[in-house]
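What follows is a group of structures, each given as structure tokens.
One chain, chain A, appears in both complexes that follow, with chain B as partner in the first and chain C in the second.
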Partner chain A sequence: MRILRNVLVVFLLWFISLGSVVAGDATSQKATIQVDGLSCPFCAYGLEKNLKKVKGIESVDIDMKTGKATVIIQSDMHVDNQALRQAVKKAGFTARDIARH
Partner chain B sequence: MLNYKIQTHSLWMVVLLLNISTVDISHAGPITFNSALPVSEGVGILRSQVKLTRKTGDITSQNRNLMVTAVPLVLAYGFSPKLALFGVLPYVDKRMDITIANKRVRRQTNGLGDGKFFARYTIYQVDKPGDTLRIAPFAGLKVPTGAHNKRDALGVLPRPLQSGSGSWDPFAGITLTRQTLDWELDAAASYQLNSKASGFEFGDEARFDASFQYRIVPQSLDDVGVPAFIYAVLESNLIWNGKNKLAGTTDINSGGTRWNLVPGLQYVTRRYVLETAIQLPVVQRLNGTALETDWVWSAGMRWNF
Partner chain C sequence: MRKYAVLLLLLLLSACTDNPSNVQTWGGLGSAHGQFNEPFDVAVDTQGFVYVTDVRNNRVQKFTTDGDFVLAFGQGLFEKPAGIAIAPDDTVWVTDYDLDKVFHFDNKGKLITAWGKAGDKLGEFESPVDIAVNAKGLVYVVDQYHHRIQTFSPDGHFISTWGKQGKVNVVRSALNFLISDNHKGEFYYPSRIAIGFDDLVYVSDAYNNRVQVFDSQGGFVRSIGGMGLWGGRFRVSSGIAVDADNHLFVADFYNNRIQQFDDEGRFIKAWGSKGVEQGEFSGPTGVAASRDGKVYITDWGNHRIQRFVIHSDS
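Then we have the complex of A and B:
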């Protein structure tokens, strides 16, 4: 009985740690771009569309007040900063800092 | 007979064509002219508008009243981050009530108007957080897609009442935009060189436009994301038209200068814009007996795709 309990505890700990690893991977695939020149809601769509065209980007969230675009990148993909800068440029804006989380 | 023809043509054409051709074709920004705001690469913008123009106050015995309804359809496409291409195709309906031999008659036409195709290129751009300054020249061609030989029961309609001009007319200009999260300032200057078609030549047109927009809703940007904005808009259009020519003769009753003030409202979201404005003439110094504009009201939408 004690053996069974220990096995269950170990399995539970393994499962929890696995979950945190997966969660850790997901958060590590997030980047925030400071976009200069973005000053009206209608312009935000072009930025969103061009960022979504980058292979590996899952979703895009734009915050008008701070001028920040946060992208979620698929966990099995790598998207470099140059690709993000290029997408912002295609939208007609200027990418300043890019922070990885 | 020649004088009558010149007068008939000139009285109507100056403002008729102006009101159809001066459609703002740009991104969100001014309502009556173009801005320098970006059209992102690979993004299209469709714009549709209803524009009503009323002209009365004829000082001649013809007592002409004119109502023009124009529905221009505009397509913009971002070819690159700096180069945007534009096309405009209007549907027009023109109704003119006129006294002929003591009898009140209505002459009217409708159909496709003249199209416009042009390109705009951003030559100067300074971006800061929530702030942009851009300068972009543009150039294009007005093409005679509208008919200029329609008839009614009284015969061939006067050229100004036709839905098209029949001529190929190049135009060029430059536009400047400074936009922040709170306000936007635009200025534009342009010139259209009108050419002869079927013996008739409209006077050239020069414009100087300015616009100021202020965000009235939301008052502060507390919400995260992309909130919808409501802008209060005040625009100014200074328009000069040269004299027309018929069979090589200059029409002294054509051309002139107008200055409009244009209050308006814009509701701007991430995907679409709803807007309305009314052009109110402040000064109209028209040559001869040309009709003055009472008002021009427009309402429209723009859609990002």
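Then we have the complex of A and C:
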């Protein structure tokens, strides 16, 4: 009985950890980039355009007050931070922290 | 010493006095007719009709001089309508920033032609942000990420280009009334273009905080402004327009004001401050001047148009 209970606990722990991995994958499809020097529409539109060109990015939202660009990545695509940083650089800016949600 | 301090204070304050009269506003955030979601540029035709690029609603809206809605066009064509200009024949030219294209419409919004593509070659664009047409029909396009101006025939045939990337040091820019800031004819993210009645070409050199003036072939004539807070200085020069007296109006984005200069580039006056009331701005990005002395501003962050009547004695 004790063995069965231990197996059940191990299974439950495995199932919970699996769930968190799946949830992690799902939420990792949103990334927020802190961008230096982003402050007017002439800047924001350029950054938005360059980020939208990255393969796998579904939409871009830029908050000029906070200097943050939030990108939604297609669920079946992977976009790494390097690709995001390159797009920001091409737009004429520097990417600081990139947070995945 | 105190006398100089008082003079300096008066000079600084002089930048924000003598507001034009009869301010009228229209718009507000939304997608209905007459509302805007990031109005970016404005133009006025010879009949006094006003055209606005409404970025997030992917359209151009046309209004009477008093702001009554006339029609909307371009939905389904535009990705991000940016700059707008009226040709001498009252046809309408619009750049699309994301599509790297130029659209040409009649004054009822019917498409005449579209041309342009993304690329680095002559005649190609990387983010065309504004457009102007001179009396001979020559089309000027601000190719923002190439930091250059390109000229075309109305059917899109490439003719010429000038300008390259050149960034003026901020300190040199702020002190350019003492020492020349150099980089003449170069740009750092140019934002807007306008043609004077003498065919002079005015380019808002946004991140060099100045307006450069050229002859119709791109020969450098003069530079106006430089980084600063007081009258005649800018913090990111954006929209520009030239009126019938060849007076230049400049939207001074971060200083949230409009500045007026005479035909030699001498500062006349400035008005506006940050806010939501009439005569206040939240990032002005476009200017148009009508033949009868009205100046229209796209008040980008407040999602509205403001119309001012310029004093006849100014």
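Basically, the second predicted complex is superposed on the first by the 74 of 101 C-alpha atoms of A that agree within 3 Å, B and C clash if a C-alpha of one lies under 4 Å from a C-alpha of the other, contacts with A are read in each partner's own complex, and residues count from 1 in each chain.
Heads up, the rule we're going with is that contacts are C-beta pairs under 8 Å (C-beta built on N, C-alpha and C of every residue); 3 or more make two chains touch, one makes a residue touch a chain.
Everything numeric here is computed off the predicted structure, so don't read it as measured data.
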For the three-chain arrangement built by superposition, which of chain B and chain C touches the greater number of chain A residues? B
Should A:Leu38 be classified as contacting the first partner (chain B), the second (chain C), both, or neither? first
Of the two partner chains, chain B (first) and chain C (second), which one does A:Phe93 touch, if any: first, second, both, or neither? first
Give one of first, second, both or neither to describe whether A:Gly46 is in contact with chain B, with chain C, with both, or with none. both
May I ask you to decide whether A:Ile62 touches chain B, chain C, both, or neither, giving the answer as first, second, both or neither? first
Using the superposition on A, tell me which residues of chain A are in contact with chain B and, in the other complex, with chain C. 39-43, 45-46, 49, 92
Chain B to chain A touching residues, read off their complex: 27-28, 37-43, 78, 80-82, 122, 125, 127-132, 179-181, 184, 221-229, 268-273, 302, 304
Given the complex with chain A, which residues does chain C contribute to the contact? 38, 40, 55, 80, 82, 97-98, 127, 129, 144-145, 189, 191, 206, 236, 238, 253-254, 283, 285, 300
Chain B contact footprint on chain A (complex, rising order): 34, 36-50, 53, 61-67, 89-94, 96
State the interface residues of chain A toward chain C in the complex, per the touch definition above. 39-43, 45-46, 49, 52, 92
